[in-house]
Amino acid sequence: MYELGVVYRNIHRAERAAVDRLARFGVATVHEAQGRVGLMKPYMRPVYPGARIAGTAVTVLLHPGDNWMLHVVAEQILPGDIVVAGVTADCSDGYFGDLLATSFRARGALGLVIDGGCRDVRDLTEMGFPVWSRAISSKGTIKATLGSVNIPVVCAGMSVKPGDAIVADDDGVVVVPAARAREVADAAAAREASEGEKRAKLAAGVLGLDMYKMREPLAQAGLRYVD
Amino acid sequence: MYELGVVYRNIHRAERAAVDRLARFGVATVHEAQGRVGLMKPYMRPVYPGARIAGTAVTVLLHPGDNWMLHVVAEQILPGDIVVAGVTADCSDGYFGDLLATSFRARGALGLVIDGGCRDVRDLTEMGFPVWSRAISSKGTIKATLGSVNIPVVCAGMSVKPGDAIVADDDGVVVVPAARAREVADAAAAREASEGEKRAKLAAGVLGLDMYKMREPLAQAGLRYVD
Amino acid sequence: MYELGVVYRNIHRAERAAVDRLARFGVATVHEAQGRVGLMKPYMRPVYPGARIAGTAVTVLLHPGDNWMLHVVAEQILPGDIVVAGVTADCSDGYFGDLLATSFRARGALGLVIDGGCRDVRDLTEMGFPVWSRAISSKGTIKATLGSVNIPVVCAGMSVKPGDAIVADDDGVVVVPAARAREVADAAAAREASEGEKRAKLAAGVLGLDMYKMREPLAQAGLRYVD
Amino acid sequence: MYELGVVYRNIHRAERAAVDRLARFGVATVHEAQGRVGLMKPYMRPVYPGARIAGTAVTVLLHPGDNWMLHVVAEQILPGDIVVAGVTADCSDGYFGDLLATSFRARGALGLVIDGGCRDVRDLTEMGFPVWSRAISSKGTIKATLGSVNIPVVCAGMSVKPGDAIVADDDGVVVVPAARAREVADAAAAREASEGEKRAKLAAGVLGLDMYKMREPLAQAGLRYVD
Amino acid sequence: MYELGVVYRNIHRAERAAVDRLARFGVATVHEAQGRVGLMKPYMRPVYPGARIAGTAVTVLLHPGDNWMLHVVAEQILPGDIVVAGVTADCSDGYFGDLLATSFRARGALGLVIDGGCRDVRDLTEMGFPVWSRAISSKGTIKATLGSVNIPVVCAGMSVKPGDAIVADDDGVVVVPAARAREVADAAAAREASEGEKRAKLAAGVLGLDMYKMREPLAQAGLRYVD
Amino acid sequence: MYELGVVYRNIHRAERAAVDRLARFGVATVHEAQGRVGLMKPYMRPVYPGARIAGTAVTVLLHPGDNWMLHVVAEQILPGDIVVAGVTADCSDGYFGDLLATSFRARGALGLVIDGGCRDVRDLTEMGFPVWSRAISSKGTIKATLGSVNIPVVCAGMSVKPGDAIVADDDGVVVVPAARAREVADAAAAREASEGEKRAKLAAGVLGLDMYKMREPLAQAGLRYVD
């Protein structure tokens, strides 16, 4: 967030196989599997429902109302990447629309996560190019100021390094540091496996109170029942 | 909102027949029928569109970022209930997801109204288990602090007593005190009946100005027309 | 925004042919074609997705929590109009629902843009009567205070004069002064034409950096690449 | 929150002596002493800094943009009361100014807590009549709709019954049910006493880690130190 | 709000004598005297308490994050003016600080009203140059895009024409159209006069219920008292 | 933001002399001197006006509603430090009050910057211990979950590393990476020097248009004057 006017071309991306495995789980599961860290703020919403993607971050730092660097970042996209855009101050203008989406897709991007606004929602929905943004806005932006590409950025309250794994779905966006992608994917798989069994029990009417053995700690904490 | 660590097991629920009748009307109609009181704040939104439910409230008071009591309340659910969760301070974390939804459904709950966040939106949509919440968030919660079950709570600005009737749809959530459920259902039915006739007139081009005889009071208030 | 208790019956509407042409373009395109002015704030959202309309504004000024003047404005609607409602202070109450929608449609209105709340979302969706609003709320309003009809109003941060062209879609709402409708439609058409060619190039993998000849100005601004 | 058009003249006020004792402690202390319940939302701010009051609630339910009932509640004020005003829907209009403050003071009110807007800040500051509100707004209100006086209301997310003890200072507003006022005052006094000793230790450089014996539970929770 | 790149040098300012008289009244009084129109949104707050000014508007339209036009508007300031700045999209960056304040003051400006952010609060306080803004932010802005000077703008939800009278104090900001300044000053004076008498009665314990003769209309509306 | 349950005891603090020099400039100047990066979001406000501090960051990561780690971080404070607290999800509860302030001060802390709530405002003001926070709230917090101390955190949208220089005043909070503290202090000094000269010219009536030689670029951009 502190370096302006530079584009890092070589970044270390999270291992593809691990990222692909993360793609099978939802954001909530990955977030839990990582120990409840890495979640972007819940104001980040998908512009259309139903998308779920996992990829590697190429990052870009923008200035408010200026999308010049989105053209710069396009060149650094490799297939399987997700562009993650931070902004130096809050601004909900529409930095991104269908033309940039066409370009990003041609480079192999899976989607965009932007701490700003987005437009051309109808086109993006038809293209199936998912965007998570803080706002939908037609407000056009200018091309006047240098930010940076592939530096560490903050997006929606979370720090993102280039190459980190990103998972996004209807529940929001979670960041997994590149070095932890495999470990988190393992933990998510284990969690998912155990959840299947739990779900079956709960569906059969077993209470979480019993399944998680909560009655004793609740009583110790002082919970009392009144008829 | 003032009593912690207690679960009331016996509550007086609104009469089933009246609640079932309320289910036929929308939230806007019920709210008007009740005299324009009882509406939760409009930040409460359904996690997917199209659901409409009416049921009896089992209430739960949570602390910010702590969903322990959601397991406690599960045991108190009877078929036809809607869980209504208040929180002692604003916090949009994801207190509720598909596992708890599975458990609540197994107990007969029709849905959840929570003045906090919710996750697993995709699963909830597939299950058809409707939730009205102030946010969608994957942020996990802890199980450390006692709240209460079936005490009066405030949820989204409205006081709710256990057993009150709750109606929720795409327009929001309205609360009807248990003792007034029948009377409000009657008033809603009357309102709905009269609205059909009005709708037909308006569709035929009759103006509300004439149908509601507003021209005279408007003129008396001083309204003037300029050509 | 300063005159109360008056209804102007004769307004000069933007030329129909120009408005019809504007209807072919999205809000983002029209906003750009007009020079990036005229956009309402992005908190204005459609109550259901997918609608796109263009029409001429009949304006109404409301007081908070009072929808009396919506009945007055109904009489001034001509086919092809869009009602634009400003409010003298922020209030998200539900000023508008299916009965008024039925009346507005019978008069030929294409939709409503209201800097307040709206209800009966399910009915509006079924009717296909689009509304852009700042909130969805069932809160009923009263009929006690005079506003005005067809005076200049501010709606969601933008000034609107009666007769102005309004374009609204999933990206928001843009206002085009009546006198500029033809010129903006021309500019939008030119922009749309040029965008088709650009889209094809970008889809083929050409970078915006090259297509827009940005590399030199970026270098002059000091952008540097690090391997 | 559900009964309109009624004024309850006889209410049971919290014991004066207990309320007077509560006045010696700050809101934070009283809130903790009560078990961390009863706090209004933090958007409630004093219109000028430095005031601290404790009194008994006379409650009033208003409609958005309508302050008629503030004149009705004035008559029900007894010396030592604090008026607590809830509104049936969010609206930041200026319901209260120096004239009403003059009237309330003449009746013996200590201040006002209102889940809406307030005006005449300069006059209120000069008078020394404290108000906690969600906004400062000059927007005038009307007198058209009946609310109620001395029914249970929700104000800033907290339920308040007529007669409850209210404590308000720069930290916010807390509600103490009338029946618990003495017990909470006792607990607050005990807490305050113990805090003096703690403060002295901390000022002398003793760490909370040691004073509260946290090192062992932290280690058990897994905290590790890295040099 | 629709014309870019133009500076109008000759504007018709509200009559000085009327503006000077408006300066004697608070914003709340002027707003009421004008019929409850003209008030900017309550998010506009003074950067320090206690200022009260009245002057004539010179207007400027800015783009988000760009303060170039504040230098252009400086040249158009005459003694007694207040600069009113609208922005084409919400952006809380710090457009204005002590250097511009020094320049504006040298030209005779009484203050600034800006629908954006402001910085150098300490210096502005020491200078006694009052600013009403939506935020305090140190975020620097650029000088890249043309707005306009002395066109009609929207500022904080209210339309302002160059030359309009502006009154601002701790209660907010109100706009009085130039042509109405004298009439509104008269009405404000009348209101102020009558308020003095009312204040004395209320201070003596007379109730608004009696002074305004509200008991009968309240009873007719159905208000009932319960002992 | 990704590592839980660890306390780093040895951190590299920004050079004291450079930090002391930064203390002489305001946040706005330092932010500009650094190239317009490093600013926290403007919702961060001081709990009382007039404080200005510069120090070195000791960082702490908290969970929503849990202040346990504030006791852990206290031990890591050295004289001249400022504690910077990030939270894993938005929560405005009151994590910090006069007891912790007493402890922090005893350790030599200059102040606290917390992306959460703060209480005991009156005591903090009397002590002169400055806090920048997102809210003032009496809501008590628990001590149940491990965060970390002296890891990189995000606070109010900005990434902060342990040892970074922090400058805070009435305009907000800016972060200067430790390695850049001297360079930024130099740039701030140069900027401040040049501003003195500019201020004098502007005060004498010279326009920014002339002083900054803006007339030509404005004309080239197309600005036109109309009489």
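So that you can tell them apart, the chains are marked A, B, C, D, E and F in the order they are listed, and the count of residues begins at 1 in each.
Going forward, a contact is a pair of C-beta atoms (placed from the backbone, for glycine too) under 8 Å apart; a residue touches a chain by one contact, two chains touch by 3 or more.
Small disclaimer: the values here were computed from a predicted structure and weren't measured.
Trainee: Name, by label, each chain that touches both members of the pair chain E and chain F.
Mentor: Chains in contact with chain E as well as chain F: A, D.
Trainee: Kindly list the shared contact partners of chain D and chain F, in label order.
Mentor: Common neighbours, chain D/chain F: B, E.
Trainee: Could you tell me which of D-F, B-D or C-E has an interface matching E-F, in the sense that over half of the contact pairs are shared by residue number?
Mentor: D-F
Trainee: Mind checking chain C against chain E and telling me if their interface is mostly the same residue numbers on each side, over half, or mostly different?
Mentor: same
Trainee: Between chain D and chain E, what distance separates the C-alpha centroids? Give it in angstrom.
Mentor: Their C-alpha centroids are separated by 31 Å.
Trainee: I'd like to verify one number: the distance from the centre of chain B to the centre of chain E, where each centre is the average of its C-alpha atoms, in whole angstrom.
Mentor: About 40 Å, centre to centre.
Trainee: Can you work out the whole-Å distance between the CA centroids of chain A and chain F?
Mentor: Measuring from centre to centre gives 27 Å for this pair.
Trainee: What positions in chain A touch 2 or more of the other chains?
Mentor: 36, 39, 63, 88-90, 92, 137, 139, 145
Trainee: Touching pairs of chains, which are they?
Mentor: Applying the touch criterion to every chain pair yields A-B, A-C, A-E, A-F, B-C, B-D, B-F, C-D, C-E, D-E, D-F, E-F.
Trainee: With touch defined as at the start, can you tell me which chain C residues reach chain A in the complex?
Mentor: Going through chain C, the ones touching chain A are 26-28, 31-32, 36, 39, 42, 45, 49-50, 52, 169-172, 174, 195, 198-199, 202-205, 207-209, 212, 214, 218, 221-227.
Trainee: Any idea which chain D residues touch chain B in the complex?
Mentor: So the residues of chain D in touch with chain B come to 1-4, 34-39, 41, 63, 88-90, 152, 154, 157-159, 177, 180.
Trainee: Where on chain C does chain B make contact in their complex?
Mentor: 5-10, 68, 71-72, 74-75, 92, 94, 97-100, 102-103, 105-107, 117, 119-123, 135-140, 143, 145-146
Trainee: Contact residues on chain C for chain D in the complex?
Mentor: Residues of chain C touching chain D: 63-66, 88-93, 137, 139, 142, 144-145.
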